[in-house]
Each structure stands twice: as structure tokens, then as C-alpha cells.
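Per-chain residue numbering starts at 1, and chain names A, B, C, D, E and F are given in the order in which the chains are listed.
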């Protein structure tokens, strides 16, 4: 009874601690060393991993590699068409903030010495947006990164495995007083507090970005949100493992 | 016998006058008034049509509408990753040339008075490239445009139908001395002459863009290419009709 | 005894829970409606508040105001000269991320209806950097914002007070296994985990941005960091009140 | 009789198959290795050829040279002043499209191996515009290119002649139902179909760019236009030969 | 005897106080309201005046007009090709400095009230450079401005004459210890001190821009330079009057 | 009596030949090799000198160094907030003009051979503006440059002293018919003629930039202005010497 009441307040009818249906489709496009279409409900992001055989300028000659990310949104991924950033003459602040977050998150599971002097670029392009594009992007980009590492391993180009652990991300927020997991656009627009949480599969925190949109949030609210996020990321890591276990 | 010989020279094993498998998938994304994923073989382009209720500045107050296009390529749509135009700070010459071509082509089947003071923007984003992205984009964008017009009609927002005829496009070229239809990337890179032909369903020419990459082409070669293109566009128009006949 | 040991590990000799010397100097420049030079140790940021008598375009006619921020760093605020963003042709990702954070943080203590159709822009320019520039900027910009509101009140331009509560920010991090408060540059470069915490004077959280630079951080580490931050922000809010109590 | 009737419909009084007066003035400016002022009636374009002793980055070390073009229009070359592209912050789509066309056209008559690791840049700047600026530019740039090659030959810097054939260009179109040659601005604005044709002096096609501005054009109209273009280019090639025969 | 010695030191063989041959050709292009090709020796600048029937935003509704200038250099106006500013993405510092100087200089002979709410833009484009492009531009632009004012008068669009006096400019410098007038490129590169002087036909100074390239210049050197400049500008004003006296 | 009359016309009550109070504060920030806060009355400019151990590209391998300058203005240094140049996407014409002037002025007192292959960049950032920001910047930047040279000398990195003489700058102008020294903003806005004069401590002229804002200025007015400027620069050079004589 009590569980059903808050659940009924979500526009999607989900329980407060319920993820949207998540689909992770590998090998979505042909050219990239890793290519994953990830869906968190109606949010769909194409994540490709591209390997380049040199380190970025600031790491040249140090024997280390780099993992970086770029983020984009197709103009009509959203309800209203947004102007193409290439036509506007550059990437906006939101885009830069998101792609820096994705890059940092994925570097957290990579041993850059083991990667060697290579750069792996994760391009996360939103085909359709319904909230949570950055968390879907991180979750999908991890799988594309694993496939790109697999591509290197299959060619015996690595001396040891540069991957340690897995990384996934989910949003949590307080909507109408209830802490909920994996906000869709309707909830995101209406929430008081919104937090994106990136964690590894060992339950460690990699990135926490919380914003009080309405009133400031109290410590006990924060604790409830962190518990929801831990549960969600654990489920997402399981879904990543399942996807990676399916044949190449 | 003789027909099979040239056919065997195509990397794909196609006959010289054979299109690649074409797939036109409507309603590919949710938000746009028209949304079509078109595939010409491994070339896949997402075409969305977005309606805005005002004319562009140069047409304000004239009672006419406008149809325009933008083109983009995801960074890893290609064999080698290409830099994101938004990160480079602007659209390059090739992008501008292509999006101007798409816009002109689709304006050729629209009565701008009947459209009224509206702008329809066709965003053509290449998810995967294997040659012929601009011809696939025009062919798919036409279907997205029809769906967007249908959206307006369903809401009784138009006094009369602004569409006349259909528009599709295909590339033709001379590869190793043989005129062939619908070049894939391997053929495009190797061809002597390359022509993009945009036609309507009545067999009229809308755009012709031919380039001699190797030696200049003779008049009889041009004639052969135009005949191939006419055949190809007729088939594409039939495929557009089939796609549009499938329930909305 | 045990408390002194970790303290001795800080390059500055501070105790783990000790802020750097904080100076808040109001009326630092003459033209702005609010002008504050804030120092967190060797980090010095000039924060000015400028009032404009119109709302930004997206709020026109809604009877609401807006508070926004811009952030800059003088080229030689840092140990190595950094290229001037105006000369590079635009603001970088880090700058955009920081100024968006400052803006969101200060909007959290403003009733935008009460502000009326005005825009207050907080320009935070770093004259000298030694870690924690964004937290110093938020802490100082709040005081400049209060002075700008005071300027409006003195001219009887507001019907009611748009300010509720105070906002301040501090960084916390784990350096060599020890949670410490208000990192300077030496600590920031060496830390495993770095978190910027924006809170109000009621102890509520406004923004939390934590990043694991080395290993992922555990929940108990997070709890220790949040406790440090709460202590630090409480002290900063007291220092803001003192500064504001000194005659205009 | 019949010939005179359509002739009278052209604003300039020209016969349908008549070029405007063409003037090709070599050595127009002093510094460039080739410098040609070309006039097609009131359209005047200054074409300079500049030799640089290195290949562009994508050809380094391949023993080949490159020919490229840039196009510009002085702000008051046109009836209404147009904004300077340098002041707008970059070249527009039309400019890029035209300069790419000029470059491709002139590369069609150059043996890049014979040119050696050099770049020849053709700058085509429109001093006065009256339609047909791109075709005048190609026709004049060819002469500037020949002069630049002559400059290299006079210094014994080439092992063999990199030029094969000549290149010229002309526009054709259908105005009020009549196919006409070399459209001026008044005709260009009014025409139904507009085609730019680049050919060599052997009658081979190098570039064909046709656009239906009004209704789509039929195959027989295309044939008539191609015949007019062939005649026009043959005359232009004769005028280029005459200009080049006049003493250096 | 003594006079001939320094004269022989000028690369051109000119006397120290001798201008280069000056040619002022009006009506050089067709569309602009004023169009002048000015030559100071081998320096050739096309100056066009374009009238727009509105004042710039900062003067709207004040009943005043504006005169402004833009400056450009064709890529191969110089001995080495310089990159096109439109291709580089914007105007450089030297260009901005020069066009601001031209604009200020010409505003000095205009009664902006009498001009009415109009903008006259003087585009000065260097076709060939051999030193002194900015002084040639000012001298030629004045004539184009007079022609544009004449165009307005001929249409009875002005209540009273907005022109007062004439404006011309010349460079002076100290080359190998000798003060000389109207430096060409060879002298400009070698000089110790270089000064651009803009004066009116009454002998009043409008702009003085002197730079010590080598050692600082003494007061008596400055006096000698100012005397040379006064002589040169008086001659240029006479040449402007002659050009304007020739039939329209 | 006579002296007091003109004096009373200055808004500040200064005598016509009186500088504003000048303060030169060395070591204002910590990181730069030279760091000076200079105040000319209410105009305050932070000038830092940064040493880089390589020459700019155009001087590589020539054994010479370079001195260059950049100029910026904090958004609220002025009475009305001005948009940040980094946010506008580039430096404007006024900024470029000023920073080129500062750079040229300071190169006039440097032996670039003696400096060796180094670049010293002088960043002049206006914290508060009240007229004369460029002359204050030059005067302060000279002191920062001397400190940076001192930094090199203290580390025995120079074979001989690259400094010869001192450089300072001041503005002069004609306000209401009276020639005055060191204009503040109120005078600058109202003046008929405005001249910035850069001189060395030997009384030689380095840069002269005079502009007639109202009527053209006569030779005798110019003479009066130059006399005022000489007096002002001599005083500024004395103040520079005093500041440099105070302990490091």
C-alpha cells in the first residue's frame, strides 16, 4: 500500500526506486572500435569509442594514454528544435560541462600506463532526449570503451589490461518531496533537487553533482538520494555485464 | 554474359544499374513532426523535419514559408574519426555545400504560398557513412517533409496542399570505365566521374552536380549516367511511396 | 597528539579543519553597485555586482529578475601565464562550468519575483590564484550581491527584500588519506578526492560537486568531507556577516 | 527572322547564344606570379596566382603539388553593399562552394606530379558583379595559372610541363522559355534553370552544376543548354589563347 | 648640390619632399554611390562609398548620420601572399586600427546633423601595396565621399551641405637621417621614424600617428616631419580638387 | 590669479599642467616576474610581466627576444558594465590598438639582442577606469618590465643589460580651449583634441597619437600640448625611479 502511493506520483507510473527500461545495444554502427546505443527509456544516446595511436600533446613522451569524451545533441532530439552547435560557432557551456564529466568518469576506470600512448575518444551523441542524457551517456560509453579495449586486446596491442572495475551513472532527485531514481524529462523539469551520481561497481563514488533547484536540501535528503543512486548504479552495472556477456 | 562481367567489377557484387538495399523507416524518433531513418546500404542518415511557426527574416510579412536543411555527420560515422564541427568552431565548406543542396532540392516540391508563414527545417545527420550521404539525405528528408506536412494537415492548419510531386536523389559515376548507379564509398573513392542527380517523380531534373575526378567526361558518358540516374530515382520514388503508404 | 600529526602534513601547517585566512573587502572599486575583493589565503578574487534594468530575453514580461555570473582569470594569476580567453576567441569549458556554478549558487538565495525585471551580473575575476577560486568567488559574490540589493533598497526600488539566507562555498578533499578543509593549490594538485560544497547559512546544501581524482571515495569518506564543509561554510557565513556589518 | 525574336528578349539585346564582351588583361598587378583581370561584360574579377614552395599538409612527402582557390567579393561589388566576410567572422556557404568549384576545375588541367611539391593558390576577387562571377573567375584563373607555370618554367624549376589542356567556364540558363548563354544578373535573377558548365578545350566536361529554380527541367532542355555551353566554352578558350599569345 | 645628395638616397630617386605620382580615378566601379581608384605610385586602393538610409544603432533617433570605414587587403596585394582575413576568421589588429583611423579622419569633415539619419560606409580595399596604403585610402576615400554626397544632392535629399573642408593624408619618416615625404615600402621597412599625418585643406591637423621604430625622435625632427607633411597634404588636396573638377 | 582661472575649469580642480595623484605599487601579485598596480587618480591598472624562455615564431633562431603586451578591461571597470571580450568571442579593435601601442612603446627601451631568445609579455588589466588607461598601462608596465629584467639579472641569466632608458606616457588635450595634462574621463569625453604621448626619460618621442575630436588643431595648439606632455612624462619618470628605488 505505502509503496504504491509515491509510485503513483511519477508521471511514468514507476516506483520511486525504479529505473526506466534500459537497453544496451552493442555494435550499433560499423566503423568505430566500440559502438553502443544506450536507451534509458526514451533517452537514446549513441556512444562510439575511437582509438587513435597517439597521446594528446600534454602527455607526449610520457608513456601514458588518455581517455576523453565529446557530447552532442541532434537538433531535434528535444521537444523544441535547438540550434546546431556547429552552426552557432562553438560548443556551449552545458555541452562542455557534460563532456568533461563523461571524460573524467571514464578515466576513473582506466590505468593510463597500461593503455600506452593512445587516445580513446568517446563520442556521445543524443538521438532522442527525455532526461538523464549524461548518465545514459556515461553508462553506454563504458560499454563502448570495454569493446574498444577488447579490440586492442584481440590484436595483442596491450601488455596488460588497462581496465579496472566498471563505471555507470544515474540521476536521482526529489520530486514533490519524494526521492526518486532516474528522472525523466517531466520529473527533471519539476524537481527540487537533482543529482547525478557516477559510481563504480565496487560502490565507490567517482562523481557527485547535486544541485538544489528549489530549496536547499538537507543532509537526510542527501542520504536518501545517495542510497537510491547506489541501488540504481548496481543495477546498471549488472545490465552492462549482461550486455558485454552477449557474443561480440 | 556481357552484363555479368561489369557487374562483377563492383566491390559489392551489384549490377551496374542496381541500387543498394534501401530502407526507409518513419517515426524513428519521437519529438519531430517528421522523423525518418533512411539507409542506402551501410549509409544511414537520420532526417527530421521541424516546423516553426514563422518565416525566416528575409520572408517576413510576405505570406510565404520556407524549407531549409542542415547536415551533419557524427564524428565516427566514418572509417577514421573526423573532428566535430562544433568543436572546430563552425561548419566546413563541404557541409555547407551539402546542406544548401538539400534545401534547394526540397524547396523544388513545395508551394511556399500554400505552406504559409512557416519554416520547416530538415536536419540530416549521418549516423554511418558509406558513400552517397547527400543523396540518401535528400531521399529520406522528402519523406520526413511529407510527414511534417501531414502533421499540419491533420491539425487543419493548411488551406491547400503545399506539396507537388516527390523528390529523390541518387549518385552515378564511371568506375573503371563502367557507368554505375548509387556508388558506395569504395567506388566513390575510385571513380573517374561522380554525379549527384536530384529529380522529381515526373522525370524532371532538379539538380545536377557532376565532377570529373580523373579525365573529363564525354557527352556520351554523360548520357549514360543520366539514364542510370533516371532509372534509380524512379525506383527510389517508388520506395518512398511504399514507405508513406504504410500506416502512420 | 593524534590530531597534530595530520595537521603537520598540510603544506601550510594548517589543521585539517582550518580555513585559510579570509579577508572580505567591500567597496574595492568605485563604479559597481557591489564590489568585493575576497581573499582565501593567496587566492584573491574581485567580485562586482552590476545591476541592469531589464530581465534577460527568456524572462521578458514575466515580472521576474535574474542573477547570473561570469568568471575570468587574469593571465598571470597563475604560476604559469595562461593565454587570455579573449585572445583565444572564447571562454573554455572550465570557465563556463565555473560561472554556471556561481550563477546557480547565488540564484539559490534570491526571490526573483521580488527582484523585479532586473538582471544582476556577478563578475568574478581572479587576480591571484592559489586553489579554491570558485569557492572564494561564490563567497565574495554573495557579499557583492547583498551590497547591490542594498543599493536598490536605498533608492526605494524594491517592494520587498529579494534576499533569503546567505550562501558561501568551500572546498574539501582527501589528501594523503586525510580529509582536509579549504585546499590550496599544492593540496589541490595532490589530492585524491576534491569536492566543492555550496551551502546556505541554515546548513542546507545548494551544490555538491565531488570528483575522485585518484581512487573512488567511499561513503564514510564522503561523510567526513561533508562534516568538514559544513563547519567551513558556517565560519564563512560568520565572516560575511561581519563584513556586511561594517559601515558601508 | 526567327533568330532575332528571342534575341530581343534579352535585357542586353544579345542573341541567345552570344557571350558578353570578354576582356582578359594579364599582369594587372605587380607582385603575383600570375595576375589577370577578367571581364565578362560588367562582371570584373581579379585573379592572382601565388606560388608557395611547399605542398599542403595532406600531401607532404608525396612528391605532388596542389592547386587551390579562394574567392571573395568586395563589399560594394554588388548593387547593395554586402557585409565583409572578414567582419562577419568567416566565409559563408556560397563563398566556400564557389572556391571549391574553382579549385577542382583548375586541378583538372594540372599534372600534380609534374608540378612538384608546390602549392599554387588562385585568389579570385570580384571587383564588380553582374552575374557569372564564378565562371569568369574560372576562365580568368586559368590564364593566371598558365602565367604562374610560365614563371616557374622561365626559372627552369620544372622538369616537365604540368599543364594539359585549357579550362574555361560559362553559365547557361532558360529565361522565359529560351535557352541562353552567359547570363547577366538581370537574367540570373529571372531564370527558371541555371547551369554552370566547366569544360576543357577538348570539349570534355569537368563540372556540371545545374539547378532548377522554377520548374524541373526536361531532358531536351538540358540538351539545348549543354550545346550552348559547349559553344560558349570553345569561344572562351579561343579568347584565353589570344590573351596568352600576347607578349608577356 | 646639397639638395641632390639626399634625394639620391631614395630608392625611387625622388627628392625628399616629393610625392609619388598620384592618380585619382573616379567612377571606377558602377554600383557604389562613390567609387575611386587611388594610386600613390604602386600602391593602389579601391575606395567605394555606400549610402544606407539609416543611422547605426547607437545614433538611432538622434537625427544624425554616421561615416565609417572598412579596410581590406587582397591576399596578393603584397610581395608575399597574406592569408585572407575572412578565412582566418576575423579582422586582425592592424586592419582594425587602420579602418578606425580612416573613419575618424573622414568624420572630421562631415556635419553629421546635415547628413541626416544615414550611414556612409567607405570600403578601402588595397589591390596592390607598396607602402602608404592607409594614407592613400584616406585621400581616395575623401573623393568617394564627396561623390556620394553629390549623389544625395543630385536627388535633393539633403537640406544643407554636410561637407566642410577636405581631408587628405600622407606619411613622413626619417630614413637614414633624412626626413622624407610619402614613404614607399622599401623606405617604410628601413625608416627610423614613421608618421602618418591627416590634415584638412586649411592646414589643421586631424590625426597624427608617429612611431619611433629605431631611436626616439627629437623635437626638431618632429618639426621637420610636420613641415613635410603639411606640404604633401596641400599638394594632395589640390589633386583631389582637380579630380573632382573633372566631369562626373 | 590667471593660473587659478583655467585651473577652476577642470572638474577635478587640478591646474592645467597638473597630473593626477600617481601611485606605483610593486609586487602587487605573487606569481609574475614583475607585478605593478599603477594608479593615475581613479584609473587603476594591474601590469604583470611574464617571462617565457623562447622567442615568438617569427624570431626563432635569430638570437633575439621580444616584448609584447596584452590589454584587458574588467567588465565593471567602467561606469556602465561592458561585455567581457572572451564572452563576445574576441578582442575588439580598441583593445588591439591599445595593446599594440603598449608593446611598441616598451620595445623602444629594450635591446632585443641583449634580452636573448625570450619573450616578455606585459598584461595590462584595468581594474578601474577613469580616463588614461593606456598611458597608465605604459607607465606601470615599464616598472613591471624592469622588475622582470631584475629577476633575470638576479639569476645571472643575462650577459648584458637589455634596458636602455625609461618609458612613460601621458595624455594631453584641449578642453574648452585650454590645453591640459592627464585627462580624466570627464575631460576625455568633453575634449576637442586628445593626444597620447609616449616619451623616454631623455625627452625623445616614442609614440605620438593625436586625434581632433572636434575641430582640427592648429600648429600652435600642438606645440602647447607637446610642452605639457614633456613636463608630465618627466614627472612620471621621476615617480618610476622612486618606486624602483624602494626595496624589492
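Everything below uses one rule, namely that contacts are C-beta pairs under 8 Å (C-beta built on N, C-alpha and C of every residue); 3 or more make two chains touch, one makes a residue touch a chain.
The model shown is predicted, which means the values in this text are computed figures rather than measured ones.
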How short can a chain-to-chain path be from chain D to chain F, counted in steps between touching chains?
2
What's the call on chain A versus chain B, same or different interface residues, using the half cut on shared numbers?
same
Just send me the rotation angle from a CA overlay of chain B on chain C, rounded to the nearest 5 degrees.
120
As a quick test, compute the distance in whole Å between the mean CA positions of chain A and chain D.
52
Chain centres from averaged Cα atoms put chain B and chain F apart, in whole Å, by 60
Averaged over CA atoms, how far is the centre of chain C from the centre of chain F? Could you give it in whole Å?
33
Once you find the CA centre of chain A and the CA centre of chain C, what distance in Å lies between them?
28
Numbers and ranges of chain F residues touching at least 2 other chains:
89-91
What is the shape of the graph in which nodes denote protein chains and edges denote touching chain pairs (line, ring, star, complete, other)?
ring
Head round the ring from chain C, going the chain F way, and note every chain as it comes up.
C, F, E, D, B, A
Residue ranges of chain B touching chain A (in the complex, touch as defined)
29-32, 35, 42, 44, 46, 48, 50, 52, 70, 72, 74-79, 81, 84-91, 95, 121, 123, 125, 127-128
Going by the contact rule set out above, which residues of chain C touch chain A in the complex?
90-94, 96-97, 99-100, 104, 108, 165, 195, 199-200, 202-212, 215-219, 222, 226
